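Each of the two complexes below includes chain A, the first together with chain B, the second together with chain C.
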Partner chain A sequence: MEAKVISKQDIKNWLESLAGKYEIIAPVTEDGVTRFRTVQDFSAIDLVPTPAAGSLRAVFTPETETLFEYELSGHAAEVKVSEAAVKDRLIFGARACDAAALKYVDAVYSNVEPVDTLYFNRRERTAIVGLFCSNPSWSCFCTEVGDFLTNPVGMDAYFTDIGDKLHAEALTPKGEELLSAPQFKPASEADAQAVEEVRKKALSRLPKPTDHAAASKSYDWDHPIWARLAEKCLGCGICAYLCPTCHCFDIQDCAMGSKGGRFRCWDTCQFEKFTLMGAGHNPRPSKKERTRQRVFHKFKYSPERYAVLGCVGCGRCIAACPVNIDIRRVLEELESQG
Partner chain B sequence: MAETNDMEQGLRAKAKELLESGQVKVVIGYEAGSVPFKCAPLFAETPEEADRLVWNPTCVNNLAVYLPEAVKRGKVAVVLKPCDAGSIVELIKEHQIERDDVIAIVVGCPGVLSLDGLSEMDLGDIRSIEWRGNGIAVTTGAGEVTIPREKAFAGKCLSCQTGEPALADIKIGESPAREPLRDAYISLEEYEKMSPAERRAFWAKQFERCIRCYACRAVCPACYCSECFVDKAAQLWVSKSTDPTANWFFHMARAMHLAGRCIGCGECERVCPVRIQLSLLGKKVHIDVEDMFDYEPGADPEALPVLGSFEAKDPDPCPE
Partner chain C sequence: MRVAQEFIPGSAKVQSMSIKNPYVPELAVIEKITEETWDTKTFRAAFVNEEFRENFTYKPGQFQLVSVFGVGEATFCLTSAPTRKGFVEFSVKKVGTVTSALHELDEGTTVGIRAPLGNRFPYERFKGKDLWFIGGGIGMAPLRSLLNFCLDNRRDYGKIGIIYGARSSADLCFTYEYDEWQKSPNTELFLTIDKEEEGWAKNVGFVPTYLMDLKPSPKNAIAITCGPAIMIKYVLQDLKELGFEDEQIWTTLEMKMKCGIGKCGRCNIGHIYVCTDGPVFSHAQLKELPPEY
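The block that comes next holds the complex of A and B.
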């Protein structure tokens, strides 16, 4: 399908035409925080520069999710297993980093039995329309870890802001279906040229690629940096909770009288109790082991296991870390000779 | 300000002296961050490392949070803003550190940066930030921009009285004397006009976005419990889920745990990734403690913890 354009003024009525079929999820800013939320009022959509504080993680794996509920009566129990998405969903304004992160989590969750049907059901029923980052943030480094900014993965269509309109490319049959709406017109040569300009400008602000996967083969388990990071790291968990590739969760039960249930909630290897065993042993007893784990999991174990790096360079951990632990500097130091 | 540069030099000299003489095992301070508008905590163990110490508007962290762990190494010196010094008072009062474990180096502070004040700038273009006049000067690729304090500084700085710090072994420089721009409790004025139902709705909306990352707890010098109540599983105090009841319980219980202990450093609010107005909650509890018990946390190392002691004059709202 050839490239299209949609006037910014037409976005609202395009989304409105989809609202019957899809639950529309887009970035919304409230009290200075931008997160992906279900929107009914499309004028509330805030396509902030990059990237929203919230990644797409919560859209596919909510912070808390009921797995099943039960009610006892006598010796019988009525169990209600949760279903995932009941409606098709459309994410509008996703970033290339966040979409690429979903492909990574797909790989992680596909690797096991039983299959995470809640997650994959949502994945199948969610279309994703991405938006090119015209104005990368100071903390963005996606081009260092992949080329998905210009060769997007994990999305159905990719839009680029070229002034009074958005340029639109379909990437999947679903994307083609979306772009066949009447609001989309064929893109002109001038439009294609404008996209090139926007791309060039953004890329000039971003770093060159580095093969961290290859470098990780010689990461030093005993490097002095781990003890130094452990000194200042607070173990707060913000890095993991904002990270689009992080996917670990805890499962907890709750019961009150004859009713109860099981839920899962986000968890992180940065918390002390994450690896605490029932008998009291903790293989990652201090922040030294836990900060090392974060770096090794994303940059070494992930490429080894899934042939995909576990970091998409969104930079949220860099921007949010209260003590300025900057993963780019950590990797530089780990990978420097001497 | 040439005077502020002198403070940085004075700080480095003093730190080197403390390390060279063996008086302390480590000096905890600030060093340049990975970008010009942030700093990072520094644990200097040698005079060479002490040369990396900085003192500038980006030095926002309350370094007292590191003390209970750090004093296990031996005697520690720590760089503190006058507001942060109150944290040390509380840690000593609660026997988390001994008075002799720590050398408090209090630096004169014109005010520290709030990144919100730079929101109109291209952060990626910033080269350096320093104090200038009543605010800051930011050098960018395009030149220099001065930003007045009401925009550049953290909220707490605008109501700072710059009085004597509660505790200081060494003082480097003096905080400039200036009129607070606003009352410390100005954010409470609007809040206190709200009815209980309105307050409930206000906090419900704030807590709805809490993702229970616990960054507020991790950055707080008063939150040093080896096992926090939220991490207890055997006796479950609060569900790990992010449902509204659980989030409410976490924040309100934490606010109660901090009653009479929080010195208002504002780090909790600074680090919250979803911008919950935690310092408003802290201030409200603070002012209630002040009204009820005539007690100021962080002021007097000799005072007993307010909720850990009883005086005959304590309010007794129960009717006879």
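The block that comes next holds the complex of A and C.
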């Protein structure tokens, strides 16, 4: 399908025409923080030029999710699994990094059978329309870890802001279906030119690629940096909370008398109790082990296991870390000779 | 190592998009509770669903996630042998929340079980060889599954030696099976306890020390060990000293687990997950992994 354009004024009624079929999820700014939310008022959509504070993770794996409910009566127990159908959703304004991160999580949650059906049920029913980052943030480094900014993966269509309109490219049959709406007109040569310029400008501010996966083969398990990070790191876990490739979770029960349920919720290897065993042994007893785990998991173990790097360079961990730990500097140090 | 499967939403590969939720346990009734020691009980459970119970099968070395509804779920090895059908067994040492809750249960209580999980002992590779089971304390539980499986297929294996030790005679588990083990042809049980005890006529000494006293030959032999970390450390050293190669030494690891199916990220050692690539590992495999377990 050839490229299209949509006037910014038409976006609202395009989304309105889809609202019957899809739940629309788009970036919305509240109290200065932009997060992906279900939107009914399309004028509230804030297509910020850089990644939103929150990733798409919650769209596919809610922060807390009920796995099942149970009821006890005497010695017997009954388990009830929710049969609620997943609605069709459309994410509008996703970033290339976040869409690429979904491909990573796909690999993790399907690597071993049984696959995570809760995640894939949502994945199957969610169309993704991406938006090119015309103004990358100081903390962005996606081009260092992949080329998905210009060769997007994990999305159905890719839009680029070229002033009063958005340039639109379909990437999948679903994308073509979306772009066949009447609000989309064929893109002109001038439009294509404008996209080129926007791309060039953004790329000039982003780093060159580095093969961290290859470099990780010689990362030092006993590097002095771990002890230094352990001194700084608060173990707050904000890096994991905002990270689009983080996929770890806890499973807990919640009991109210004879009824209750089991839920899963986001968890992080940065928390002390993550690997704590019942009898007291903890393979990662200090922040030294835990900070090393974060870096090794994303840059070494992930390529080893999934042939995909576990970081998409979204930079949220860099921007949010309260003690200014910058993963780019950590990698530089790990990869420097001498 | 399994390479990522490219997931394309809607592709035929992911067809079981039904509500089959891998985190939902099967219901099972506790049929029998055996008090092994002052802090360890063995539970025998049978799945409630008849069809599931009839078709349920597993391999020695695999594990299960047992739920006490309202309290939580925890990992226990399948200590029963798959050659003995109609039930599963798990041995529980009372150390924390879920294990304490299990210890409070009566026979007849319904629990949840997700099983079988994990990899298994590659018993085909052990056929025709002499087997040395070296266990300490509750570490005997996973070994027992393979041991009884081998004893049920006795002709497939060579000499079987079982070295089993605990802090005291009161800490020894599965005492009711010792006669059965010893009655099996070409099978010998070597018990030991850490300290002298009145009435104890058998060996006194730590398991690794006893192992060196017995000096099993590594020729055409396999050693399978499990127990407290410190015991495993010395047993590995001693086995190497006796001439056992890394590929001849097998163990089963323990890690905090939640999902049991390689998703929640908790039980990794390097790039492997103990719940899916383990818990059974050879020493040759362990040597390749970061020292973080």
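In the analysis below, the second predicted complex is superposed on the first by the 326 of 338 C-alpha atoms of A that agree within 3 Å, B and C clash if a C-alpha of one lies under 4 Å from a C-alpha of the other, contacts with A are read in each partner's own complex, and residues count from 1 in each chain.
Basically, contacts are C-beta pairs under 8 Å (C-beta built on N, C-alpha and C of every residue); 3 or more make two chains touch, one makes a residue touch a chain.
All values derive from a computational prediction rather than experimental measurement.
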Fit or clash for chain B plus chain C once both are placed on chain A? fit
Is A:V108 in contact with chain B, with chain C, with both, or with neither (first, second, both, neither)? second
Touching A:R35 in the superposition: chain B (first), chain C (second), both, neither? first
Quick check on the superposed pair: does A:T117 touch chain B, chain C, both, or neither? Answer first, second, both or neither. second
Centroid geometry (CA): angle chain B/chain A/chain C, rounded to a multiple of 10 degrees: 90
Between chain B (first) and chain C (second), which does A:G163 come into contact with in this model arrangement: first, second, both, or neither? neither
Between chain B and chain C, whom does A:L234 touch in the aligned arrangement: first, second, both, or neither? first
Chain A contact check, chain B vs chain C, more residues touched by chain C
Just to be sure I read the superposition right, which of the two partners does A:Q252 touch: chain B = first, chain C = second, or both, or neither? both
Partner chain in contact with A:R329 - chain B first, chain C second, else both or neither: first
Smallest Cα to Cα distance in angstrom from chain B to chain C after superposition equals 5
Chain B/chain C common contact set on chain A: 250, 252, 254
Along chain B, where are the residues that touch chain A in the complex? 33-35, 38-41, 43, 61, 65-66, 116, 122-124, 206, 209, 211-215, 217-219, 231, 239-243, 267, 270-271, 273-275
Residues of chain A touching chain B in their complex? 30-33, 35, 53, 63-64, 137-138, 205, 228, 231-232, 234-238, 240-242, 250, 252, 254, 263, 265-266, 271-273, 318, 320, 322-326, 328-329
Any idea which chain C residues touch chain A in the complex? 1-7, 9-10, 14, 16-25, 27, 29, 67, 69-74, 93, 95-99, 106, 108-112, 229, 254-256, 258-259, 261-273, 276, 290-293
Chain C partner, complex, touching residues on chain A are 67-68, 70, 72, 75-77, 79, 81-83, 103, 106-118, 120-121, 123-124, 126, 221, 247-255, 260, 262, 264, 267, 269, 274-281, 283-284, 289, 293, 296-297, 300-302, 304-308
